[in-house]
Amino acid sequence: MTAELYRTMRTIRRFEERVVDLVNANEIAGVTHEYVGQEAVATGVCAALQRDDVITSTHRGHGHVIAKGADVRRMMAELLGRVDGLNRGRGGSMHIADFALGIYGANGIVAAGAPFAAGAAWTAVQDASGVVAATFFGDGGANQGILHETMNLAALWRLPVIFVCENNGYAVTLSQARSTAGSLIERAAAYGMAAEAVDGMDVDAVLDAARGAVERARAGEGPTFLECRTYRFFGHHTAERTMKLGYRTDDEIASWRERDPLLVTGRGLGEAVRAQIDEDVEQLLDEAVEFARQSGRPDPVDAFDHVYASGLRPRSGVAS
Amino acid sequence: MTAELYRTMRTIRRFEERVVDLVNANEIAGVTHEYVGQEAVATGVCAALQRDDVITSTHRGHGHVIAKGADVRRMMAELLGRVDGLNRGRGGSMHIADFALGIYGANGIVAAGAPFAAGAAWTAVQDASGVVAATFFGDGGANQGILHETMNLAALWRLPVIFVCENNGYAVTLSQARSTAGSLIERAAAYGMAAEAVDGMDVDAVLDAARGAVERARAGEGPTFLECRTYRFFGHHTAERTMKLGYRTDDEIASWRERDPLLVTGRGLGEAVRAQIDEDVEQLLDEAVEFARQSGRPDPVDAFDHVYASGLRPRSGVAS
Amino acid sequence: MRYQQALGKALRDEMARDPGLFVVGEDVRESLRGVTKGLAEEFGANRVLDMPISEQMFTGFATGAALAGRRCVVEYQIPSLLYLAFEQIANQAQKLHLMTGGQAKVPVVYFVPGSGARLGLAAQHSDHPYSLFAHAGVKTVLPATAADAYGLLVASIRDDDPVVFLAPAAALPTREEVPDEPFVVPLGSGRIHREGHDVTVVAVGHLVHDALALADELADEISMEVFDPRTLYPFDWELLAASIGRTGRLVVYDDANRTCGLAAEIIATAAEEMPLLAPPKRVTRADVPIPFAVELELAALPSREQLAAAVRHVVREEVRG
Amino acid sequence: MRYQQALGKALRDEMARDPGLFVVGEDVRESLRGVTKGLAEEFGANRVLDMPISEQMFTGFATGAALAGRRCVVEYQIPSLLYLAFEQIANQAQKLHLMTGGQAKVPVVYFVPGSGARLGLAAQHSDHPYSLFAHAGVKTVLPATAADAYGLLVASIRDDDPVVFLAPAAALPTREEVPDEPFVVPLGSGRIHREGHDVTVVAVGHLVHDALALADELADEISMEVFDPRTLYPFDWELLAASIGRTGRLVVYDDANRTCGLAAEIIATAAEEMPLLAPPKRVTRADVPIPFAVELELAALPSREQLAAAVRHVVREEVRG
């Protein structure tokens, strides 16, 4: 198990590092939000989930999507805007999704995916499918009203939802101390749901907590709130590298880096095992980049495809 | 003091009863939301406030507006849609306001006024004016996300805001048990603010609690949440009288009516005092109705007045 | 059958047909508007969900259920509550199909049984915000009559995309025969209620009834064709072009704000693409919040007198050139 | 001076002038967009308020402060965040003056420094939603150049009504001389950037630069008048009517969705009220979410080629009749 957790974390880490290179090389358009540092959270939570279970993700979504099992080749193709991308090149980093794996998508709007989890969880209860839904959001997202509305409903109806707060201490430049009154755990508890703080740098701790939450959810005991304390090692997004922002100290970053979940978990594996996994991961990602680069670019004449599920074709922006 | 509290409650009660008659007689257009049964809440809270203090109100706003000191003649004129109305006939029941008294208006959208209170309270702190802002909302409104967003900010910045939840047990037909997970008091407390349950049928208890909250607010100790347990004796709005809705039992209504704050407080006054106040109130309201009826109706050519503060005139809906 | 009953029948027929279909909203079990009344008793409480006052959340909840395979009708008690849900409708539900490259579908109907003004409800309860959704490319339906309300609600529920469905308050009491057997009025098809050869009047929602009454009044003087788009997005441009091909003149009668409203879209498309013999005209709301006093409210809403004047003006206008 | 710097200068000048003016938004102290950078240091942290991620709340917070006598600029990091705040802007702030019979005023600017597409940001970060606010009657400003950005931001801040102020992302890097002394560009006044006699091209926001480039390219062939509305609501209809009076022909180049967009409003008003010699044309976005892949994104946005074709078409069109 530890080896598998490490493999997932390593895949996320190296995926993100390659993505940054590709952004810098202008092979990936726009910005991406690196998950580096937070790998233990997605990995631990998703390891407690089954294939049919649902997740909703965030702007910082690559880690969740990888941990839930998406094909990194098709992910990479998506980020390069290619036709073999998971979203056929239509979504990119902030909307990457794989419904076959219950991945209801990254989301460009903070906390906006939370109620999707409630809706999916309610449907699961109705269908007695046993499916649970985990919704990821940040410490910043925890202050959005829609999250509270969703916690209320999930608790009221005892829905199988897991609220996974990735508390990395900052919403862009705003520290949690400057954004958040009181305690997130207590807020969740006030709705009458199970709520606990988790060391988000420790993949085993996250997995443990997530398993507990999944068990409660499947047993009909309702939602759980997990506040996973973690840290992002880099800027808010790739574009931050060129900005001079002083909201975090080098010391603070260094001290969290000592708790790098890959180092910690990697150490436990033994050198040979770790090295082999690292090599496997490198090969997989080489393939992924290659696959993405080989994949075709969308044809501009298809710009109006997939706008409506019913097949309605939008009119052009110029009358013929 | 008790006599004054009773006078205010009696004014609200009789105002509402006259309003219902005027709605039934088609002298008041649309619907109004009766405050009957909840008088002790508005009365107790506003008795703890000064003239310059701010309130934001709700769809069920007449009680708040009267208790904060508005002229019932101009209120009545507003409800009749007349030019001497507080809002010049533009607002009606759901938007009635008097900025000279810090009454930032009833509001047609549940909980939408809450952040106004935070903004006004922050301004008061900046100006060191000592002003506090009370925001009224119902048990239903307590589930709106914007309220949580506002509680977070008010607690974070220790703003002089008083959150007055009028828990009358129902949001239209939805009972609190079916709308609300956990405890409202605990939710507020989780933001780190003072929070207490108050008997909303007891005007002295409300006044006490409100005084404590105002004191804390003026002392820079931040917001307070008061959950005032109360009951509305009639339907959600005047139109409910003609609907057959079965969401509350007659027994439940009867048992709350036994705690009618006017009866309770009135008993304490002695018959003579009470009778005199009742007579005064009747006279005042006779005057108010008379004043309203005498007031002119707006001229349709003025329909586009007061749309922009800058004086911009909107174009007509038909090109000339 | 009354319009309002037709809506109820559509919900009932579709709930019987599709066991996955459910309704969410505020007070939908007791049903203040009467449309969802009895559905919980008939189909079970788990098909009719009363929601806390949390419009953003329950709109997104419907999306989640839809992504999990359900169809859903979300009821809003007031048109302006759509503003609270706007991000969830226009920026989430509407975009998910494209954003996911066709993976996701969100067959949800956003349903307002009673949109627009109803004398005396003032500025926050009287908006008619369909043009906002049309602008966002969201399918938008605004039936004028009972049978269309039935057939279009059925079509909206069966549609695989998000659909905003507004039932104008002023149309709810109207009556029309509604066949007993289920039927569909396809989205995107307009309806010519009355043929005429002097001018095409596009009347939107409840104003169709008003335009028809005016057509009667003016019958000796002017032959008015009354065109009801029924679906605002997608719009039945072909039927409109054919109508204008016959009449050469156009007036739009629309109970939305003027600027960037549906009437602007209709006039603009006609001006670009259709053979107009004279400048067209709009009769709309001004861009003002509805004031409370009834005199002022009526002055702010488009009126039959304004329509009559506009129709006369457009018909008398010289052929341009 | 760069457009972006002009915005910063406007804020700085106005904050110096009005000690009650303050800024709220996400990360406004560190200022990712650079516009509010340094303001906290210069004017104090209580004039530049970083807000939790709670757009509805901080929009209403600004309303409350405004009701208590302040002026405020609310910054949003993405145009679609306005959807979250739509109820607070269009249904609260905008309506309060009317609803209170003139008692309340809400001098708040809703400011998006970087609206519209910026290649690669995909469907939820690329909208250009100004038409929604124009529909609601909210004053709406979309400057194309640095000096206008300055003068219009100053005017918006000093205005007593709510104003939505969008600075198009694609215009931020452009430069124009900006006088040192404070000045105002009044709301509601358009600007003719280039005179011409064959056709009036109304170009909106950053597309002004594109239209000017095309006017150069086509100079030998067609004399294009380039009209920049600058303020979308209220619109400078008089200036437009005068322009069309000279050219008789109209093309609108607009980076918003087509249906019920600003271009529709311009074409509709022109068709109703102005002497057009030929059918006008719009060049706009289609009503589609912006897809991620750059090829697709570019295909979904209006282009200079489309504008050229439309201009040629409209100029060559026979006088109608």
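Annotations
Letters A, B, C and D mark the chains as written, and numbering starts fresh at 1 in each.
The rule we apply is simple: contacts are C-beta pairs under 8 Å (C-beta built on N, C-alpha and C of every residue); 3 or more make two chains touch, one makes a residue touch a chain.
If you're wondering where the values come from, they're calculated on a predicted model, not measured in any experiment.
Taking each chain's centre as the mean of its CA atoms, A is the chain most distant from subunit C. Rounded to whole angstrom units, the spacing between the C-alpha centres of subunit C and subunit D is 29. Distance between chain centres (mean CA atoms), subunit B to subunit C: 34 Å.
For the pair subunit A and subunit C, the distance between mean C-alpha positions equals 39 Å. Residue positions of subunit C with contacts to 2 or more other chains are 52, 54, 56-57, 80, 84, 87, 91, 98-99, 122-124, 137, 269, 272-273, 281-282, 287-289, 291. Shown for subunit A are the residues that touch two or more other chains, namely 87, 89-91, 95, 107, 109, 143-146, 149, 152-153, 156, 178-180, 307, 314, 319.
Interchain contacts join each chain to each other chain, per the touch definition above.
For subunit B in complex with subunit C, the touching residues are 28-31, 78, 81-82, 87, 89-95, 107-111, 140-141, 143-145, 171-174, 178-180, 240, 243, 245-247, 297-304, 307, 314-319. Listed in rising order, the residues of subunit A touching subunit B in the complex are 143-149, 151-156, 178-183, 186-187, 189-193.
The touching residues of subunit C, when paired with subunit D in their complex, are 80, 83-84, 86-87, 90-91, 94-95, 98-99, 122-124, 127, 131-132, 134-137, 233, 235, 256-257, 259-265, 267-273, 276, 279-282, 287-289, 291, 319-321. The residues of subunit D lying in touch with subunit B in their complex are 46, 51-52, 54, 56-70, 87-88, 91-92, 96-107, 137, 139, 159-161, 188, 234, 269, 272-273. Here subunit D touches subunit A in the complex through residues 26-27, 29-30, 32, 50, 52-54, 56-57, 78, 80-81, 84, 118-125, 258, 281-289, 291-296, 298-300, 302, 306, 309-310, going by the rule given at the top.
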